[in-house]
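The following pair of complexes shares a single chain, subunit A, combined with subunit B in the former and subunit C in the latter.
And then the complex of A and B:
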């Protein structure tokens, strides 16, 4: 038995290795990387251009992840149905979207990127997630593949020196914190602010932006500042401590949905009812504010740059009507979007279209130049007063956000605090 | 089929075959497209992790649901070393030794516990690991992760990056598999087997079940660390998501599907871990989870002993058919082929039992 056992195992290894080696050696290497030199970049022909999206389509972040593909597919589905995009070089091309599931796993995101390169994708866009986008950022740089308008608030993607082939789409965390700080600094009244933030780049970004904005303001003082860990299951202790500071404004840079709900409830229980600031991704009226009993507070503020399709105020808005129809017809997403990412990726589509129109050569270099030259573009679904601006170093494509106040059902833009 | 196995049983033929495969593996990256190389590189990364898991679970029969923790730890140690300009050999040694030491410490405590309790301890590892990786941001880069590039092909080599990475991974993976094979074939491998079957019998034979389990755990974590080194060589980036508990379960699934208690099975398991997400992406990116589940079920129903048993199952089917058509047959050829088949079947059955219990 032992004697037989031995060759059997070796055979297994040998057989396996040879199967791999032989079955794959059929395809010889042709012009790896950027070998073709002349003419157009991979992924673009005279009639079509292919874009790739790697994003979580399964797992806990699948909800927003699915939206990052749906909005983009909806936008270009409608554009393709109308004939395609007329590029700056005079040719009209249709836009194909290829999507890949990375399940929020950095390793899979890199694998998807390598697959995209092999599938001949012109540019990677719209994908959600900081670690997943970071996982192939350097590979994208070394292979000179655009990785643009990605959904991460990480400022690294908008740093032109560090990330020559990247551009973020959504406002970086600092932008959001700063918008609220500015509103507070312009208020006539005196304010005492308590800050609670997640102890990572997310929380730190919000707080840094906020503090910078209130820097010179005499009417705003920070009376308490605490942090919590993203893995904590309760922040009751921090809330009790902050409540004792007597603050009338609570800046809560928190990204965990259940924690936001329980904090809204806890603060009421201990009789602390300040005005709240919540980040854009944890301020959903239906998913967070209603279960948290937000009506008890004098004001819940958040920031946004997109029209909310679920809000009655925008129900008849032309953009919203077209968006929902496109989403249903081309985006394979028949429901009312539960995540803002659906709207964001629709805007990504509009921004890309603008860049395509300005492309004079079918190359990635030319695309990056065209993309970095968009100013004042009012993409569909954008709120009045916000615009796409890709010309500023260190800023993502959208860096202006408007402070919104919760009105019991949805949000409305506010000019003044209180 | 019998003719082929008799040819392969010949030692010199085997040596030649191994040489051919070795040459093929060395030449392959030069002619293969970049994406194929990159895929093979990732297979190597996970094959080493699955191999470690196989030693502790497949051979020693101890449930380990925390292997990804050691992979992640190895990756973080590698990133830290590379970013502090350590010598690459030193980085590799550290990437193996640090997880090995942690594995040893955990095993010293965990191996005292029986069956399910060991599983619980190992579950805790990735669950503790993720927040730890986020908090120790001086070492780990926090939740943004950390990147380290050390596997770009040097200019003198004239190779593409993917080819260079392939050779690094090939070197480490081949060494790991040779070591792993020697380990399970030798004295310790037999000790693992006895401990798996019956700890009382092992003790009565003078083999300490406790020490054997600690050894198996430690070896598994060293292989995990080596896999982490390779992970960073291939991905060049790591973040707390690398350590996620779900990946640990995927590794266990890959090991079972490849073939528990089989060295070749570990390689197949690594290939499964890498190929299936790519395959399901190609089918429909919106349905990856459900199609992965379907593939898992199909493989387990058709080949309960893993993909490694496929040739055996085919051979058995083939033999059943030939023996039915020509009953007299020729006994000298039939009997040697027959024995390993029953041997393998028995082995597999016991493994299933063990898993039921734990």
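And then the complex of A and C:
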């Protein structure tokens, strides 16, 4: 009889690795502790401030993830070229950005955070992803490192008691779902709605906001409601089932790009052509709607707070022209952005600059105070009617969204459904 | 009834994706005795190669043919330079090597083309036809037909040709095969080359639907492995039948068994594997390995 002794070896390696990991994390904590003694926080000198971004730069979410760095780098690249930001303490500093790839993996995001702490980053910002941002939220709180203006619709990050060192940037999922529900409830016609949602906080948030907004409306009924897993490669079966409900409006709370494309193709193939509601992060005209053949539907609706550079309506807009030039020159992103995250992170840059201008001491505490005191800031690229407001507890920096309708190339704001 | 037929048809079309990859895995296993976990990654790299030639201005079909030829060479070279060193040894080591290869190949695709979803044009139009009240897209119909054709070719290759016999002999017992005068090394390279060709075809068939990303076939690989185990490692027909069955069953169970639903349907093929392997360890269509003592 052959007895395998491999498990011992494996156990040994695992044990060894754990010991090394433990001692390493111990070191990191010591390193962070030393920084707090002096007058200024780590990551800020008299001439420069360093920001860190952990975001997916590889993996399926890398498209939007790359944008969260590109827009920020574009904004501050341009600001640095003009000399830097004059902070509230009278000193002018340039802004350095360090980016770290987490591949949308919570474990990697957490180790990236530890790396940022030892690399001397002043604040973590702009990174995309709910599970990844959640992964180091508690570590950021205990080490008192700001984790601000991050790209997640999770309300937890905007709850000041729970998250004293955090602030979300983009509207929470409920904000977006509610905007759709409100539009539909105000419509004159009767509507039957089919809902497909991702089986996690993302999908649930959208559906909750939507249902609350249609709560009292007699003209809207939900006739079908299904879910899918983020790892699924096909939702054909769900679409077939929902098509049978005869709904004229389809709310597809989906965050996976190829699935949205194949959904758009599948529904028209089986002869189901409702109006669509799509979340802001999966409604890109070039990356999703055109390959999906969205022209076959009576209307594709999404929500936005940012001008769409692809849209002919904004082609000559001064913000858009400067943004595209900065993105090309400083953001290492020569193409027309396929994801709104490029625009969002550009606005994050403007919001941070505003906070820096109001910072009277070079500390993280002072930065958080300054950041939480911005109201009515019309950052570049923001649509008329939306603004940055960081003063309300429970709300992210941007909480107003406008419903948009696809016009064949880009989006335009609409007041009414239909 | 219309919904039921539509679900079956959709399941068959999803199943054909799993089947394409499963066939390549069976081919490598028949030719070299290994399970190649990198098959999906190599197929994606082939699809990217076709995409690159497409960008150079070649017509789609020419780009695909060029990619197929390059894939054959790539498969043969990988066998010769990398896998050869592990073929005689511990099968566990070889498995780990192919998993490492998967990571490497995926990384290469990512470095060269990035992680953005690239639109890959289809050989077949996106129009659809009605069969028995169900809507079938011409694209998935053509994909299925292509897969079945490849399956028939493979079955004939293995059971009716000298090359097939030689490939099987080498996989089964490299030592004896060498003594009877077979060029073992070259046959192993041919086996991997052919599997890479199959992977390339699978890649370009599914890329239009899934859109081209380095991890495009990761989930499909899991299902393909399930199909291979279920259908029997030695049977091309078996794995195609198993892959189709998985696709259809998943859909039907998700819609008609509320307890399972769309969220738990991924467990269906694996529960099926447990049950079938307990009853028939060689898989549904596999040959029983008999060892004389």
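In this section, the second predicted complex is superposed on the first by the 381 of 418 C-alpha atoms of A that agree within 3 Å, B and C clash if a C-alpha of one lies under 4 Å from a C-alpha of the other, contacts with A are read in each partner's own complex, and residues count from 1 in each chain.
Quick note on the criterion: a contact is a pair of C-beta atoms (placed from the backbone, for glycine too) under 8 Å apart; a residue touches a chain by one contact, two chains touch by 3 or more.
This structure is a prediction, so every number in the text was calculated from the model and none was measured.
Touching more residues of subunit A than its counterpart among subunit B and subunit C is B.
In the overlay built on the shared chain, the residue A:63 is in contact with subunit C alone; subunit B does not reach it. Using the contact criterion defined above for the overlaid structures, shared-chain residue A:329 touches neither subunit B nor subunit C, since it reaches no partner. Contacts of A:240 after superposition on the shared chain: subunit C is touched, whereas subunit B is not. In the superposed model, A:262 lies in contact with subunit C only, and not with subunit B. Legend: residue contacts after superposition of the two complexes on their common chain; A:229 is shown touching both subunit B and subunit C. Look at A:363: by the touch rule set out above, it reaches neither subunit B nor subunit C.
By the touch criterion stated above, A:270 is placed in contact with subunit C alone, subunit B being left untouched.
In the superposed model, A:338 lies in contact with subunit C only, and not with subunit B. Of the two partner chains placed by superposition, A:94 touches none, neither subunit B nor subunit C. When both complexes are aligned on chain A by C-alpha atoms, subunit A residues 57-59, 66, 199, 229, 231 touch subunit B in the first and subunit C in the second. By the touch criterion stated above, subunit A contacts subunit B in their complex at residues 1, 4-18, 20-22, 24-25, 27-30, 32-33, 57-59, 66, 69, 99-101, 103-108, 110-112, 114-115, 117-118, 130-132, 134-139, 142, 154, 156, 199-202, 229-231, 332. Only residues 2-3, 6-7, 10-11, 13-14, 17, 110, 114-117, 119, 126, 128, 135, 137, 209-211, 213, 215, 219-220, 250-251, 254-255, 261-263, 266 of subunit C touch subunit A when the two sit together in their complex.
Interface residues of subunit A facing subunit C in the complex, by the touch rule stated above, are 57-63, 66, 199, 226-229, 231-238, 240-241, 244, 257-258, 261-262, 265, 269-271, 287, 291, 293, 338. Touching subunit A in their complex are the following residues of subunit B: 5, 8-9, 14, 17-18, 20-21, 24-25, 28, 30-36, 38-40, 42-43, 130-131, 134-135, 137, 142-145, 147, 149, 152, 160-162, 177, 181, 185, 231, 234-242, 244, 246-247, 262-265, 267-268, 271, 274, 277-278, 280-281, 285-286, 288-289, 308, 311, 336, 339-340, 343.
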